[in-house]
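The structure appears right after this line, and notes come after that.
By letter and in written order, the chains are A, B and C; residue numbering begins at 1 in each of them.
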Amino acid sequence: MSDVSVSPNPLKRALGRVNWGYLWYQLKQSPLTLGGGAIVLTVLLLVIFAPVFATHDPNAIDLRARLTAPSLTHFFGTDEVGRDIYSRILYGGRQSVAVGFFVVIVAGLSGTLIGAFAGLIGGRVDTVIMRLMDVVLSVPSLVLIMALAAALGPSLINAAIAIALVRVPVYVRLARGQTLLIREMSFVTAAETFKASRLHILRWHILPNILSPVMVQATLDLGSTILLASALSFIGLGAQQPTAEWGAMVATGRNYILDQWWYSAFPGFAILITATAFNLLGDGIRDILDPKQKAR
Amino acid sequence: MKISQWFQVVGAATVTVGMAIHAPVALADSDSDLLVVAKAADPQTLDPAQTMDNNDWTVTYPLYQRLVRYDVSEDGKGLTSVVGELASSWTASADGTVWTFDLASGNAFSDGAAVDAAAVEYSFNRLMDLGRGPSEAFPGGMKVEASGEMQVTFTLEQPFAPFLYTLANNGAGIVNPAVEGKGGDHGTEWLSGNSAGSGAYMLTGWERGQSLVLEPNPHYGGAAPSIEKVRVDIIAEAAARRLKLEAGDVHIAESLPVDQLDALDGAAGIEVQNYPSLKVTYLYLNNKIAPLDNVDVRRAISNAVDYQGIIDGILDGNGVQMRGPIPEGMWGQNKAAIQYSYDLDAAKKALSMVGGTSEEITFLYSGRDPLWEPIAIATQAYLSQLGLNVKLEKLANATMRERFDTGEFGIATGNWSPDFADPYMFTNYWFDSKRHGLAGNRSWYTNDKVDGLLQKAVVSSDPAERTALYGELQEIVTDEAAYVYLFQKDYRIAVREDVAGFVFNPMLEDIFNFGSMSLSK
Amino acid sequence: MSFLNVIRRRLMFLVLVLFGVTVITFTISNLIPGDPARMIAGDRATPEIVQNIREDLGLDKPLPVQYFRYLEGVVQGDFGTSIRTRRPVLEDLRIFFPATLELALTALLFATALGIPLGVASAVWKDKPVDHLVRVIAVTGISTPAFWLGLLVILLFYGNLGWLPSGGRIDPSLEMPNRVTGFLMFDSLLAGDLAAFGSALKHILLPAFTLGFVHLGVVARQVRAAMLEELQQDYIRTAKANGLSRFKIVFTEALPNAMIPSITVLGLALGDLLYGAVLTETVFAWPGMGAYVVNSIQALDFPAVMGFTVVVSLAYVLINLAVDLIYMAVDPRIREVS
């Protein structure tokens, strides 16, 4: 097996450092984390294989069967134009999970790179970048996201972009902070005396070492992004009809809450379960990867 | 502080709180003279020269009087003909350009000042000077002059057939000239939140987002109203409005969706009233852009919509399909004009004549009317059966209206109700090529022949001639499928059984005649 | 570093932030497609009328000019006039801000009143069932969509049980108490109006619960972590050796010290709550700034949106400053280090 520790790919090297056997042992110690992980896997399965698990076409309308109660044909009932809510929840899950991963990957990648760069280069550039990030962080994020989403046009992808933009500063700050710590370590100063280029240091020394707190943040962010995206759809700035999306379904169901409580209840429950699972998983991963921050 | 002392404090606080929660709610006055209306949204402005929103008119209409008012039939139905309110009589010149009104005496504003010709002249000059939405109903170049202490003369540049009826509009409310002294632009900032009229009621309180209070105008020239206080509560949730109605906390619950109304039908103490109205829902088809610029495509779309399915499913049967632009109940409707029906074969045939189309059609709607979304979703489903690619876009109302004006859309939903009882309301606005965009012709439709017909009809004063002109127009615009004429729905309102005297007028939707209503004990 | 220095630096930062905030919001607001003049003009307005309105509102000037006119106004305390309500934005904010503040503070009270005991219990009985239960509650709290929770509690407590109202701040049939602070509960107590107080209390229970539920978890976790840290310290061991009861140790020795780092979290929570109230206010029809800003965005009411952004950013930075100052005042170690 090739020596992973000298692989040029920072991700591979970071992953290579992990003792997978011990990791599994630690995971087994925490039932909550295992539970969270299991739920995450189930949700991902259901959502990726939605066409297999769905009972109806999520967009098939039936105006004469509106707002029917949960039954054997329609597990979660039908909505205001007769579409099957259960199938829409499955397909809707695709939207929510996709947005979650999109935001975390885009914001995480760009934020980490910018932050690491800022931390490494120091000086004026660093100060300017950080002040900029501070300003963005000071704008009430929900308002900023709403305004951005409204400006870009209401759609799920624009909502995802808006959320990603607002999350970047978090990763920048995190990456920079970690970079400042790592920068002082001997192996970096050693590399510097050998006139290693900044890019080289960044790639080989900084990034692999800051990856684990970033991963922790990313996993936690998955849960909160799903919440945020559904909140945006609730206000009407996210997914558009006829696309199924959990937050949008809760919003429409609101008009029928008294007599057809299932319409809002089930999609919201889906949000709750998914976000909880990601958060439990994230908590557990943090406890394992970063014992200093552990909630013990 | 010791633990025991702390517990004593907490205990005392709990007891106080418990008592407070169960303290009897002190109502402001006795139940029988207070009418409570539950409304979904706060009014924006109460200045008659500013407001174009029926939601505001619920409050403003009873606060002001107009030269004429809509008549009421013997059996208590609202009519579309007018009789005098502030005016006791009027005459028109032979060519219809000069109208002279004699004012009745005895009418006064809430501060005691008499309503005289000077006040009428002031109100109309203010209206036209401010130049907001309400002024648009009146012909440009209209001159208003007090030709006597109690006589006003209107001089129009051209005859305007519906002129008399426009005087019953909310915008034609007569405003107390004293608002001029409230500063700013004719006192409009002050009047947006206050009242200065001669109507049966005046505004005595407005807690934004919570409630408005109307109390009788002590100087009102007519009979003192039976209801001594009207309170309009702002309750955003439809379910909450319904529950309050059932509990007896409100007497009238506005804007209840179809499902809630059906659930209330037959409930104890509640009456769901149904009136045929002249409010229509239709789809704009942007005649300016492909593929909707092709008449066969529009005909195909018109045949692909399941009208009855929408009426049965979404309206629960409380509506009727339109036949052309003029609704049933309005004179001038051409009963022989084409009415499209759900005929998928005919639709496919019409589409095949064009050779199909792959362009994406954007369909705009907003949340302003809760029925629009199901209509949009259903229409998209119907059109996909034809192979048409429709993309739905739900926008903020303001954004959507902007797109109407720039013509950047394919299909959109719309509602329309008449300001006065004349086919002009449904024809000139919808088809005149001078009104492209937000002004009324939202399908961006252009047809010179139709323009000609419209011109002739507006200056003619002969109803028979106008009926013939409008009849011909309807044949053309249905054949050319300028719009998708969906339905005309009933006005349904849920009221408590002890509310008496409500007269519904199709010209005045969302407006209640508080001054002549009463609560039976 | 002395208090004054900290304050001075922060205030300079505040100015920078406000500038940045207004630029960002102004730019974005103007990117939102739609013309507010058209919205006011009404359904059937002709282009002339729309142009009239546009000129009235100053919307026909070039963007940078509009922005500087706005800044000029802000410095003098004039945040412009709301396009939607036709009133000065500052007046709108003055009416709606206390409502949101009252809700946020009540929610914070709820979150701390429950969160602190839960966090303490979780730390004291670490790894026992209580601990696991609290951790589940905490995670559920931060994973719950607030708008969904709000709908469900409305359904239960209003729809089914009829115990609590579904929206608004106070029963509309009651006279509003004289406005002293804008906090209904406070004002009604001052006026001695028990009925109004009761009604205001009933109306705030559900929204405060919904809003606070999320932060309950955050507070509990923070307290748990801080308590665990404290309980390991030497002075605790000393106290135990001296025979102090467990109860006394936890509440009179460890907890006060654990609260110090928690102050930061509470401060952040308040900031979060302020603009997190947006969703809750929408669901409960609470006439506060959250509902105001959502309506304003939908109505393309730029002055209102900017006013809201400036005020909340200001509040956020000031809260952070206050928290830091309190932290410095309470913990002498920080003062020394700074």
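By definition in this document, a contact is a pair of C-beta atoms (placed from the backbone, for glycine too) under 8 Å apart; a residue touches a chain by one contact, two chains touch by 3 or more.
What you see is a predicted model, and the numbers here were worked out from it, not measured in a lab.
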Of B-C and A-B, whichever chain pair has more C-beta contact pairs: B-C
Most centrally placed chain, judged by C-alpha centres: C
Chain centre separation (chain A, chain C; CA means) in Å: 24
Interchain centroid distance [CA atoms averaged], chain B/chain C, Å: 38
Interchain centroid distance [CA atoms averaged], chain A/chain B, Å: 46
Chain A: positions in contact with at least two other chains: 150, 236, 257-258
Chain C: positions in contact with at least two other chains: 32-33, 159, 297-298
Where chain B touches two or more other chains, by residue: 239, 243, 396
Touching residues on chain A, where the partner in the complex is chain C: 32, 131-132, 134-136, 138-144, 146-148, 150-153, 223-224, 227, 230-231, 234-236, 247, 250-251, 253-254, 257-258, 261, 264-265, 268-269, 271-272, 275-276, 278-280, 283, 295-296
Touch list for chain B against partner chain A, complex: 238-239, 242-243, 257, 259-260, 263, 306, 309-310, 312-314, 367, 370, 373-374, 376-378, 380-381, 392-396
Chain B partner contacts - residues on chain A that touch it in the complex: 59-61, 63-64, 66-67, 80-82, 150, 154, 236, 240-242, 252, 255-259
Residues of chain B that touch chain C when the two form their complex: 17, 19-28, 36, 44-45, 50-53, 131-137, 185, 189, 192-193, 207-211, 231, 233-237, 239-240, 243, 249, 396-399, 401-403, 405, 429, 437-440
Chain A contact footprint on chain C (complex, rising order): 13, 16-17, 20-21, 24-25, 28-29, 31-33, 126, 132, 135-136, 139-140, 142-149, 151-152, 154-155, 159, 221, 224-225, 228, 274-276, 278-279, 282-283, 293-294, 297-298, 305, 308-309, 312-313, 316-317
